[in-house]
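Pasting the structures here.
You will see subunit A twice below: alongside subunit B first, and alongside subunit C after that.
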Partner chain A sequence: MGEFLSFTIAGIVTGSVYSVAATGLVVTYTTSGIFNIAHGGIGMLMAFLYWQLRVGWHWPAPLAMILVVFVLAPLFGAGLERGVIRGLRGASVATSLVITVAIMVFLVGVANILWDPTVARELPGFFEPSGVQLGGILVTWHEIITVLAGGVVAAFLYALLSRTRVGIAMRAVVDDRNLLAMNGAQPNRVSMLSWAIGASLASIAGILLAPVLQMNVLILTLLVVNAYAAAMVGRLSSLPMTFVGGFTLGLIEAYVIGYINLSGPLLGLREALPTLFLFVALLTLPEARLRTARLAGAVGPRLPTYRKAFAGFGVLIAVTVIVSGMLQPADISRTALGLAYGLIMLSLIPLVGFAGQVSLCQMTFAGLGAFAMARMGADGNLIGIVAALVLAGAVGAIVALPSLRLQGLYLALSTMAFAVLMDKMVFSNEHVFGNLGALNIPRLDLLGVSFDGERAYMILLSIMFGVFGTIVIAIRRGRFGRRLAAMRDSQVACATLGLSLARTKLTVFMISAAMAGVAGALYGGLAGSAGGVDFLMFQSLPVILLAVVGGITTVFGSLIGGVLYALLLYMQSKFPALNGLVFMIVGAGALSLGRNPNGLSFFITQQVRRVLPKEPANPPAAAPPPIMEEVSGIAATAG
Partner chain B sequence: MPQRRTRLSLRTAAFLGAVALIATACGARLTAEQRAAGIGAGRGGNAVSANPGEVPGAQPSGGVFPSVGPSGGVLPPGGAVPPGVTPVQRCEPSAGGNKATDVGVTPSQITVAVASDVSGVQSGLFKSTHQAMQALSAFVNSQGGICGRAMKPLLLDTRIDAGANRNAVLEACQKAFALVGSMSALDNGGAQAGQDCGIPDISAITVNAARTNATNNYPAYPVRNDKYMIGPEQYIKQTYGPAVYKHAAALWLNVAVSKNSMAQRINALESIGYHFDYRQQLNVSEPNYNPFVLDMKDLGIEYVNFVGDYRTLVKIQDAMRQQKWFPKVRDWDSVAYSSGYLSLGGPSVEGSLVFLNNALGIYGEEPSSPEMMLYRQWLARVQPGAKPDYFGLYAWSAGRLFAQAATSAGPDLTRKKVFEELKKIHQWTGFGLHAAHDTGLKTPTNCFLYAIVKNNKFSRLTPASGWDCRFPLIPARA
Partner chain C sequence: MPLLQAEAVGVSFGGLRALHDVELAVEPGTVTGLIGPNGAGKTTMFNVISGLIDPTNGRVRFEDRDMTGLEPHERARLGIARTFQRLEVFGSLTARENILVAAEIRQGWSKEKIDPRAIAGEILETVGIGHVADQRADTMSTGLLRLVELGRALATAPRLMLLDEASSGLTESETDFMAELLKRLAAQGLAVLLVEHDIEFVMGLCSDIYVLDFGRLIAHGSPAEVQANKEVQVAYLGQDGDAA
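Right after this comes the complex of A and B.
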């Protein structure tokens, strides 16, 4: 009985933290319609601010708490709403997800710069180490306060949202802002208040968690992923169910530790429990209603003709040949990294750029490709590349199958959950990347031509970029590309006209994953070795962010994104003191360009067109035929 | 509408950019040249609170020698070294003047590359190796350099990334004479590249077998996956008896290297009679360690061993203290030998045993070897505010190993000659910094000492002095 009690108490304490973190997510979502992936980042930043006041500057704990939870955090949340979130109104789910991911990455960078990561820090818990003896175990006051905090937060939010005018206004603002305004409320102020409360709740979760975990920027930021599961149980709308979800997850974790002996391949199952919980919660959601048409983006880039595309790729290869002849081997390798990342970003275009589906697991597919190349591509034979394509594509289909009924945010979260599952259970398994977590990845040997040299491999990467780019353009120009665009713009219309959304989604997931797998095999060959740590979920975030910065709808955008990423990593190596700055630049860049899916590539091509002589007037040959005609054979207006 | 969004976007980006610039400016650093010349003044490369930098009783060497000496000329004689310190071996330049005899060698200078994880996901992981090599170079140069040539460190960041490690080695191959004092979690990345170009690679500590097994690699601490040191556990067995070693627990982090290391450890300990009642893999971001502690308490565990980082270790021990459970032996390895472990752990870590094969004294424990004091002194001089640590110690040792081999090779310095000298060294102690490793055969020491945490300090437990070398290495099985 004592043992059961001890595990139950441990589970309740953990569950409280998950619940408090999850309620902040639910509050901001129900009042703004935006799922704040940066919620953990806000909690992390506020935990570090609290540490600075409490430990760094020796303020009394109550004063530090009040300042952080009731002043700094709300101000930050309100400022974030005013400066960034408000501009996301009406934006697609993909855009708002990318923006909040950018905020999270930015906050990680800020924290790394303000607080030297090499310094060991600890945040003492409340009234540690004293506590209360309960059933033979000591429950500390910090743990008791954590549980009480959960209860107080629940009661406060319930009262606020259901019994006060401002709370009802907060719930109304996401349903119909105009109607709310007509009733005399001020929707913008209500939104700011919601985000202020959300940030406050994030700060409470961070301050409660930090004494239990390490004062580590990434650990604190990413632990909120566990809270997503609790939020999903509440369907992102019900606070009581969110609490039920949080406590259930905490208890399951504690009982698994206590009563189930996991070993062998199931060893990673315990760490993956919150993610599995999230997956199950997502899959048991009721099937979402299809979206109706929305106003698509403004002026977009022209779709290039095949001739122009081949000319562009020819220029790329020629430039690669010339530049690689001028550089030393180490610099060739660093430059080639931009092409390797560009290849991975190209794989995102059909899925994110054309179909509008957000994937947060692209590096996971790349990792599968690297693994396949390591195991099947001995001496660099082509079988390794084929294996990478098949394995990653097959896993992409497996990921897509349960996610077919999900859309938008839930689909993105399911890809994130998949990536975390792979991190915990597959990539960390010694049968995958070996006992020491890394495998040698051979370089491709094609028809007797070896690409072992740095220059040869860089030229190979540029050729492969041309091949991938051609595939992407062919997709866009073809029937499948038109289906993807239709799915992005109006799923209701597609379904009405008999387009199989499930098959389209499944196919584009497979294609994207297969491309990422091949890109991962080539990326691994560049380094000569790779392991699970190279393909963690967190690595997927800067990839998608920089793909957006470059331009998620164009091949040129992927090249820009890849080159930018390699450049930032090079700067990080040359100036290690600026480690955090890399994250900040990535985050800031994505924030400023995230709302424009055409990114830097569109901006650059527009400027170039202004300078170049104007082309003779042509009919818009690049524009695809109307979508409806494709499906029903009857001419109709598009979109 | 697009224009309005663009203005908003630019405003947002500008605000964030301003924050970034301000935050960056707060971290102004010394230039690399200043550090190499040992002219450090004011704040150094770290915003940490300084350990006691000045070692009582140590006499500073005579003057600071600039990192780049006059080309072709004889360098000034070396300054005095503190008592007990082995000076850098004297070696006259070539008759007729030194020449550029190999890659990275000029008449006046030898470039040595240090490729370590400094930035990346875990920032500053092995930054201490860079700092140690800068300090070591300044010391060597103050002694007249190596056969009339000054040592110039080329600092390379490998970002906890195998590809970056490979790039760093490639860069070292073309710009440096040797890799010295490097340390990287993914050092396998550069193994093949280094071997292919034939650059002498005198790492601080190798992590992956691929790097250790590379024919060009002769680390100061040659870690090998096929051999295991069993001496510490034999001591525990003999001292505490079956009541302890028959009720053992193994904890490790869910990281490939930790898993592999613990698998080897369990196999080795079971082969000498240990019995593990409890084995548990831990997540890096574990929210609650109480369930594990309570499990071990219920099982009557009396010996606990852990493989992972010291921050997680402190959390485990906090949970032990919270539940008032103190097994007879808490046996940690060198990761716990850290000032951070003491400052974070406080009373929770009191009584912990820490196995070491390096000399005590990094954190000011006494007695401290003269070489240890020298390392701390020069580090404080060249990198004010930098903290000495275990990895920096081995980087310093690697630097001394290189200096010895290069001096023995003579003024007509080539990579081939350095390899020949390294192969001759079979008892390398870093002049008293650590137990003797066999550099030439790349075999680690079988000697150890145990420190115990007493009054929040590391104190020697056993042997009373020197090293316990009674037990040979045994074959390791994963």
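Right after this comes the complex of A and C.
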């Protein structure tokens, strides 16, 4: 009984933090229409700022708290809304997701630069370790304050949303922005206020949680997954249900930790709970009403012809052959890494570039592929590649299924939660990547041709890039690609033409996962050995962001993205102190280019066109010609 | 027996009653009009029929089959096609591809053996946009895009066509062309339900007209009957006296 009580108290305490974090997410999402993946990242940054004031500069706790929660966090949130989020109005879900992921990655980079991650930090809780006895159990003041904070937040939000003009406006703003504007309210201000409040709530959650967890950048940033799992109970819109979700998750977590012996294969269960919770919540969500879209007006890339594409791949392979002949083996594998990442990025093009869906777990699929290759591809057997394809594709289907009925946002959130689950429960399990945490991954041996040598393997990667590129172009040019483009431009129209959106999304997600699996098998072969730590969720983020920076709709974009990533990693290996800088660059790059679907590849192709004027220019988009007489002529004859 | 029959369809958005027990029937081979002032609930009615929103009460029958609970794509497969007041064109595709992709989608669910490319070619001519077939849709004018949407809907070989604001944004000659085209399609047996703001267009084209106002059906009948109706004149034609 005493045991049960103490677990329950622990659950209520964590539940309070999750609720505070989750309501912050819901308030920003319902009011601005943008889902803030960087929510946990903001909480993390604010917790570190608080640590700096409180521990680093010995400020008294209340002063530091007030400055962070009521000044710095709201200012940061409002500034973010003004500087970045406002520009996303009318952007696709995929674009807004990419941008908020970029913010998160950027913040992680900033924190790693400001606070050296190799130094251990402690954040003391409030009045630690004293507390009060409750039924024979010591409840610390920190825990009591945490629960009180949850109550204050609930009361504050209730009063704000139901009693104040601006709060009522906040509830109305998503429903109809124009209507609101007509009534004299200012959607921009309301949206900015919601981001200020959201950031403030994130900071409270971060500060309360940091003493219990660790002052760890990644762990605190991942709080967003718990938050949105809880918010899903309230369908990302109802605040009371969000509190229910937060407390349920907190209690489940406390009981699981308390009653189940978390060892062996269950070791990571605690961190995996939000994901399992999320999947259950997703299955109970009602079908989303389809939203109508406006005419998609993005300047798409030109449809590549096979001739040009093959010429391009030929050049790539030739360059690889020449360059690899001039490099030292160590440099070869460093350069080849660009091709390997390029391959993984190519797997994103049909999904993100063509279908407008987002996956934040591409490295997880790559990891599954590497695992399959290690287990089934002895001596470079082709069966390993096939196993990688099948395993990643099948797991992809399982990840996608619960959220297929829903909008694209839910799929993206599922993938991120799934990646965390795999990190904590599967990839870290000794039965997967062995008790040393890494497995030897054989290099492909194709029809008796061994690609064991560094140079041979790099050439193989360039050939595989050509193969993958051809597949991507074939998809784009074929009927499936047409269907994906149609679905991206208007889901509603597709549905009313008889298309099953769920099936189409499932298909493209599986293709993308399977491609990532094969790419992962080849990527693993490049290093020769790989383990769970090579395929963490946080490694999926730079991959998708750099794919976007390179250009998410073109094969060339993936090559650019892959090479950029390899360059950044090389820089990082030379100067380990720059660890955070790589994340910052990736985040900043995606922030500046994330809205252009054609990324850098577009600018580069344009420059090349300027240098090679003999290529026929794109025929200018002609103004609608005066054809109506002609049209009515047809009508007249027909009638 | 009517092809489409709406029975006491009601829709609420929160507190707002957008439709109030609306009854409506559409016969094959006719063009039926659905008119009413802004916000009357016309588009909402289309969304109910095509399955984009579920009615709060009432049901919709198609060929005497209750469609309650069917998904939009399942209704499309039964033969219901529509266009959108606020265009939902596939902007990154050409006009031809817009129609082609629709025919390909139909090929995926229909038992008939069809050649999507041939169908796309035919329809481009039928709706009169052959000359801009290979232009990207997001570079085209509203008038042409309405024709693209109509062609795309036709590519599913529907039996009921829902047209939301068929003529808005069209030039005069485009409007005439659209009227001729709809007559021709109806003559081939298609049932057309038409939402329109252009009263002249509706009166000249429809044999049967329904009038909505604030979500209620206030009149139903021939063009002459509807024009003579007092309530309609007050609610709708009154504001637009010269059109009546």
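Here is the rule we go by: the second predicted complex is superposed on the first by the 600 of 639 C-alpha atoms of A that agree within 3 Å, B and C clash if a C-alpha of one lies under 4 Å from a C-alpha of the other, contacts with A are read in each partner's own complex, and residues count from 1 in each chain.
One rule holds in what follows: contacts are C-beta pairs under 8 Å (C-beta built on N, C-alpha and C of every residue); 3 or more make two chains touch, one makes a residue touch a chain.
Computed from a predicted structure; not experimentally measured.
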Check the residue A:Val224 against both partner chains and state whether it touches subunit B (first), subunit C (second), both, or neither. neither
Looking at A:Gly268, would you say it contacts subunit B, subunit C, both, or neither? Reply first, second, both or neither. first
More subunit A residues in contact [subunit B versus subunit C]: B
Let me test your reading of the model: by the given contact rule, A:Val492 touches which partner, first (subunit B), second (subunit C), both or neither? second
A:Ala419 in the overlay: touching subunit B, subunit C, both, or neither? Say first, second, both or neither. neither
Based on the superposed arrangement, let me know which partner A:Ser529 touches: subunit B (first), subunit C (second), both, or neither? first
So, A:Leu406: does it touch subunit B (first), subunit C (second), both, or neither? neither
Check: subunit A residues flagged as touching subunit B and also subunit C 298
Which residues of subunit C touch subunit A in their complex? 50-53, 71-73, 75-77, 80-82, 84, 86-93, 97-98, 100-102, 104-106, 108-109, 116, 125, 128-129, 131-132, 135-141, 143-145, 149, 152-153, 155-156, 171, 173-174, 176-177, 180-181, 183-184
So, in the complex, the side of subunit A touching subunit B is made of residues 3, 6-7, 10, 13-14, 17, 83-84, 87, 106, 109-110, 112-114, 116-120, 122, 129, 131, 137-138, 140, 209, 212-214, 216, 218-219, 222-223, 226, 253-254, 257-258, 263, 267-268, 270-271, 298-299, 328-331, 333-334, 337, 424, 428, 430, 433-438, 440, 454, 526-534, 538, 569, 572-574, 576-581, 584-585, 587-589, 591-593, 595-596
Which subunit B residues qualify as touching subunit A in the complex? 1-2, 5-6, 8-13, 15-17, 19-20, 23-24, 26-27, 29, 45-48, 118-124, 127, 156-164, 166-168, 170-171, 173-174, 186, 188-189, 192-193, 208-210, 254-257, 259-260, 263, 279, 281, 283-288, 290-292, 294-295, 298, 311-312, 314-315, 318, 321-324, 338-340, 343-344, 478
The subunit A residues in contact with subunit C across the complex are 289-290, 292-298, 300, 479, 482-483, 485-486, 488-490, 492-501, 621-622, 624-625, 627-632, 634-636, 638-639
